[in-house]
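I'd like to ask you about the structure that follows.
By written order: A, B, C, D and E. Residues from 1 in each chain.
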Amino acid sequence: MEFTLITLLNGVSYGLLLFMLSSGLTLIFSMMGVLNFAHASFYMLGAYFAYAISIKIGFWPALVFAPLLVGLLGAMVERYGLRSVHKYGHIPELLFTFGLSYVIVELVQLIWGRSTVPYPIPASLDGPLFTLYTTTFPIYRGFMMLVALVMLVSIYLLLTRTRIGLVIQAALTHPDTVEALGHNVPRVFMLVFGGGCALAGLAGVVGGNAFVTEPGMASTLGSIIFVVVVVGGMGSLAGAFVASLLIGVLQTFAVALDYSFVTMFAKLGMAITANAPGYSLLSLTIAQVAPILPYLLLVLILIFRPRGLLGTREG
Amino acid sequence: MSLLTIKNLNAYYGKSHVLHGVDMQVNAGEIVSLLGRNGVGRSTTVKATMGQVDATGSILFKGEEIIGLKAFQIAHKGLGYVPENRDIFPTLTVEQNLMLGQKSGRTTGDKPRWSMEDMYQMFPRLRERRNTQAGVMSGGEQQMLTLCRTLMGDPDLIMIDEPTEGLAPKIVELVAEYLKELKNRGISVLLVEQKLAIALEISQRVYVMGHGSIVFEGTPAELRVNENIRKEWLEV
Amino acid sequence: MSKPLVFKPINLARWIIWSSFAILLILAPMMFNTGGSLSLLSQMGTLMIFGLSYNMLLGQGGMLSFGHAVYSGLGAFFSIHAMNLMTAGSMTFPVSMIPLIGGIAGMFFGVLFGYVTTKKSGTTFSMITLGMVELVFACSLMFPSFFGGEGGISTNRVIGSSFLGITYGPQIQVYYLIAFWLFISTIGMYAFTQTPLGRIVNAVRDNPERVEFIGYDTQWVRYLTLILSAFFAGIAGGLSAINFEIVTAENVSAIRSGAVLLFTFIGGVGFFFGPMIGAILGVFLTVMLSDLTKAWQLYLGVFFILIVMYAPGGIASIIMMNLRVAKFGMFKRVWPSMWKLVLAATVTTAGVILAVEMLYQRTLEATQSAVIEMFGVSIDTASSSWWLMTIIVIALGIFACAKLKGGFAQHWGDVNTEIEEQMRRAQA
Amino acid sequence: DTIKIAYIDPLSGPFAPVGQNILNSYQYIADKANAEKWGGEHKFEVVGFDNKGSPQESLNVLKTVIDKGFRYITQGNGSGVGLALLDAVNKHNERNPGKEIVYLNHAAVDPDMTNSKCSFWHFRFDSNSDMKMEALTTFMAADKNIQKVYIIGQNYSFGHQVTRAAKEYLARKRPDIQIVGDDLHPIGQVKDFSPYVAKIKASGADTVITGNWGADLALLIKSAKDADLKANFYTYYGSTTGVPTAMGASGIDRVKYVGYWNANNETFAGKDIIEGFKAKYKDDYYSMATYSVLAAMGQAVKQAKSIEPAKVAIALEGLNFKSLNGEASMRKVDHQIQQPLYIATWVKTNGKDVKFDQENTGMGWKTNQKIDAFVASQPSSCQMKRPG
Amino acid sequence: MTGFSLELIDVRKSFGSAEIIRGASLQVPKGERFAIIGPNGAGKSTLFNLISGRFPITSGDILLNGESITTLKPYEINRRGLSRSFQITNIFHRLSVYENLRCAVLWSLGYKYSFWDRLNGLKDAHERAEAVLEQIGLKRRRNITAGLLTYAEQRALEIGITIAGGADVILLDEPTAGMSRSESDAAVELIRKVTVGKSLLMVEHDMSVVFGLADKIAVVVYGEVIACDTPANIRNNQKVKDAYLGGHAPVEVE
């Protein structure tokens, strides 16, 4: 029981971190059609900025300024880079961000070096939030979950209370016409890209000290957030939310389960020996296949429900 | 009183010079038609006015120079534009399309002349289809939608590029009626048309364009009697 | 991408091009005979086949795959297992034909995975391929007996006794094996572009919907193309197995797939030979540059971004544009403004490289000495005068670029408009 | 002459921090060796080459360095890479007689490299994972509090070896200890270890054995702290770059490591190196194998009166030399170094027996026990083919 | 075996809850030219989409040369000899004009998915493409990239692609939309020429085209065929006037 509950909590909080990361990506992808390969790099920048700021003036200011800084940077990337690529279509846009991810990780190393930087959890958030049976649940994880939820609500309000989403979607097909209707399209694009990056930055501020702040942190999270966005349904924020939780919980539980076909058959009274055909396949435990589960889910979803869980449009 | 004055307008697509010094004007409360064969540059004139094509010369709107401004800035000054190839937003619903017609951050406090309801009354078909994705609507329905979408922005002058293209004859008549109605509500119209009959029927003045410049200016009656111009520039 | 370029290079008899290609392949090792260039040439050859096969999808079929390495990688694994079986004596097969095993394996998985991936097109296709490659990659660690775990599978390409003195021990023999397969595969893939299927896949790229209404099942068109492309990718895999004598899981990774996408794009997807240029550059950047400088990834990233921003048709399109200008005899009109811009750009680049190298020295190598050797001089990265000079160089370079850009763009635009005008008139 | 050694290890990517630290260590020791003439009139030069952590890339680099005239290579970060290089070096030497190269292994500790896959051209200057496990289990056997052990490791050759050896040796030395679970996770990919920790916790383990290194170790320990897992960690690589920072105070008294050296050893041997290194690189010197390699090489070239690899290799065989942990010898049968091992615990520095901290954390490693070379020594199944 | 090329029997189609086609029936005899007119949104294009297999039909039946094609995919229907054009130009914009046409003839000549034939060696495909090129009057533009053609030329190419495969039932959706008078006159000539002996079904709003070309006119209103008759009868049909033509004289010449 203790184990199940704790694992569930762990899964949910991991899922919420995934959501923080993927919400910005979803935002940018759904609105601008840009698959931002550098998204995780902005997450990393968030962590590093927060580190740099927090050693000077503390964690709380960093929580505010680091995402703003990342957002500013994102807006500049859009303004001076992405915008001129936009006219060539989505593939060059994607490739632009792909190249950008290389550059960012190098610049980070240039400034902060190649090893882990000491970016600690602030003392006020360090410690157990509550104890479940004998396991403690850290305050910081609770804080992470809170931030994620606040993020969800504010993006939702932004999207439903403003026309920004509509403007951008329309501008994807007919930018000139949208402008002729009186909307400043380039500025909206810049804001959205900057905003998406700021969200990644915020995730970085929170995730950076929950885990480790190091130059490799971007690449390790990179592909999993794509899975989240696609499984949830491209462009669907709610979908990204559900998918994040699903994948978070799925992966967390899978790790914990040591069952394989061999043990299953053994329970049924059938013994499978090591020289049975396909033994290596049958003896794989769920814990061992945990890493492939998100991708398996992705492929299955794309085959059977290409729109994703809650997506509305295909492709 | 002149609402829009275009002087010596030259426009380019990259390097190709399309307009060679266009001069024309639209007065408040007028319907003016811009006629001409295919490819002479009528759409380009309108696009250049809207800031979508590189152009030199002078374009005064309500007395202000608008050349060089961005399209959205021009729109905010009260100029409306209905493009020729419809350009509806296919992934949005009809209603969302209309919503986008409203300008962001309107400054004028007074109520816009048009509400969504007016649009639906004008074209009941749109009301029926208000929650449909605009992309799947029929060609004609899309045409109606673009017109309404621009009206939602509450322009003082509306430039319409071939609004009757692809519409059933009966609807064409209807559109003509609505254009007159716009005029009655105090909106000026610059109409780019292919269908001569309609243009001549509803406009106060007409311009005929040929090879990137204006070759005729006058009233419909004057054009009707001017065999030469019609033969040479309108290929009837 | 941008406006398609209508220009056929000197339309000389095709065989001249092909035989010069063959001669070039034969002579290359003699022209570049310093130390490691043989192994570089070998890598370029394999990457060329891989890139060309990738371009069957991207350039010709409009399919942006993030998982092409699956086919080359699995081809490589099958090849290397075949070689190990041969070493163990449980199988006999000529080593020269090993790439064929790779090709067939690639094709087999093309048949298998392609059936799933090509069901969809566009972004969905891209995403399924991304999922597929991550899946295969993750699996590779689960089945160490086949994939060899982290360390991969290694082999010895010298198998059995020599045949006519060919053992494939010396690198030069491997090079010629690769050159041979490169030649064959290039012909094969070029020929593909000249077949009905090859043309229809272009049509599918442009407008899949319409293809359905001229009698073709687009899904089949994509599927068949992918299978053929996987075949050639498998050949590339087989050759890399022979060349490196090791195959690791990264051969089936998204990183490898991303790399081929990157290099093919840099080379240019709009021209058949674009990926070949991409392969040359790719090997140069990843292998040579990483020896020269620690900042290689930074340069690679920046270079790539510049290409995406300013030459989305890739190097091939830059070359072809210039050739076109030259052919129409107008090169001398752009040259005056071009060389100035190129010079200014070179100065800027040199300045930036200097700055980056100095910065690297200051931060990552701070502990070594403050002095670096560059452009034949020793530079003291700790002295502010060097920094000042670098900054001045960069500033001047950028200033000059900004000033000269307009003039060049003007001339370049004029000339190209004129050429297009001339071509239009010639057509009419 | 100059003995040029190519250092083929990750200098970019996730494993770069460790790679860079060891390269610095090598160059620092090389300077010292040259100043003190360890190799007589011969000088050492260690040049770094980036293998990006990949076996395949390492073979590329190997080709390049051979072309550049290097005859000695050194590598250590990752047994996967090590095995690939070993194989490639063998092939090269076979195909290019007279141009042999020697592989000086400073840290790749998969036992196979000196057993079934042993080679005349390979010398290992780190104790292999079986030897370390031997030492570790000997130490653990004495602790009666240890009842339930959980083994967790990275899913690659070295991780597998650790798991196997831990089970085997514990069963031999303390059959009463229960192995309550073992896990292999993908290397360098896990961001959140809390599910593993929950599992460890559910198993009731009081002790964890792990061969994890780099971020995999840091994250594991952090998660354990968050969930308030009250188990002791017996590690191989607690002292490598990045880990001390990541575990900080949470590891105090809980984390131990087994290795061939500890900065806070009984005599503080290597004190000047640690201080000099820190002054120069603002980093900690912990990869003492760099010292052993150059010390042994210096002695070997003097003995062989040549820097020709084939001759130096013969001189290295069976060589006895002095390293920072005392007397060491390069066993002839399998080219596996025989040297004492240390077991140490993470504590606050106290200026007495724990003088040196790591990564400026104010905490360092306190020596628990120095284990003599013979204790950890393992038999070898090596059937070495010697040239000629 | 009926004598009809194409027969619609009580065809219905709903999108969601909206029934767009409400039991349309129509019979097109072999070799006749039919025009379909009707108000905007009546379902003309939708009807074409149903016939050509772009959308599945909800109920009813569609027979091509006497055989039901309702369950077939677009390409299967095309292979049975039905070809269509689109209201919005739908060509291969990065291929040359000639290649556009050559692609369009390949299947019908039996080359299918061949990757062993050399394209340039296929004489029949070449000749057929050249012939169509001649017919649609784009000979001079042979090697131009299709995307660079003018609008009217693209429309001509659209028709060319549709007829190139030699289908004997042809569906054209507003072929002259956006053309000027002289261009659309040329287009009418072209259509007349290329559909000799074939069955043609054409949607048009331009009455001069409709009355100039059609043997019969079908009027679709609200998803039903309310009338199908000769041009003369349609012109005088009051129902049609109310629903569609309005006050305009059917043939409007200025």
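Just a few scattered comments:
Just so it is clear, a contact is a pair of C-beta atoms (placed from the backbone, for glycine too) under 8 Å apart; a residue touches a chain by one contact, two chains touch by 3 or more.
None of the values given here were measured: they were computed from a predicted structure.
Common neighbours of chain B and chain E under the contact rule above are C. Set against the Cα centre of chain B, the chain with the most distant centre is D.
Centre to centre, using the average C-alpha position, chain A and chain E are separated by 49 Å. Chain centres here are Cα averages; for chain D and chain E they lie 76 Å apart.
Spacing of chain A relative to chain D, judged by their CA centroids, is 35 angstrom. Spacing of chain A relative to chain C, judged by their CA centroids, is 30 angstrom. In chain B, there is no position where the chain touches two or more neighbouring chains simultaneously.
Shared interface positions of chain C, i.e. residues touching 2 or more other chains, are given as 138, 141, 297, 364. Along chain A, residues 109, 113-114, 288, 291 each make contact with two or more other chains. Each chain pair that touches appears in this list: A-B, A-C, A-D, B-C, B-E, C-D, C-E.
Residue ranges of chain B in contact with chain C, taken from their complex: 14-16. Contacts from chain C toward chain A in the complex involve residues 1-2, 64, 116, 119-124, 127-128, 130-132, 134-135, 138-139, 141-143, 145, 254, 258, 261-262, 265, 295, 297-298, 300-302, 304-305, 308-309, 312, 356, 359-360, 363-364. Taken in their complex, chain B has these residues touching chain A: 50, 52, 70-72, 74-76, 81, 83, 87, 89-92, 96-97, 99-101, 103-104, 149-150, 153. The residues of chain C lying in touch with chain D in their complex are 35-36, 39, 43, 138, 141, 149-152, 154, 156, 158, 169-170, 244-248, 250-251, 287, 290-291, 294, 297, 364, 367-368. Residue ranges of chain C in contact with chain E, taken from their complex: 4, 6, 191-192, 194-200, 202-203, 205-207, 209-217, 220-221, 224, 228, 424, 427-428.
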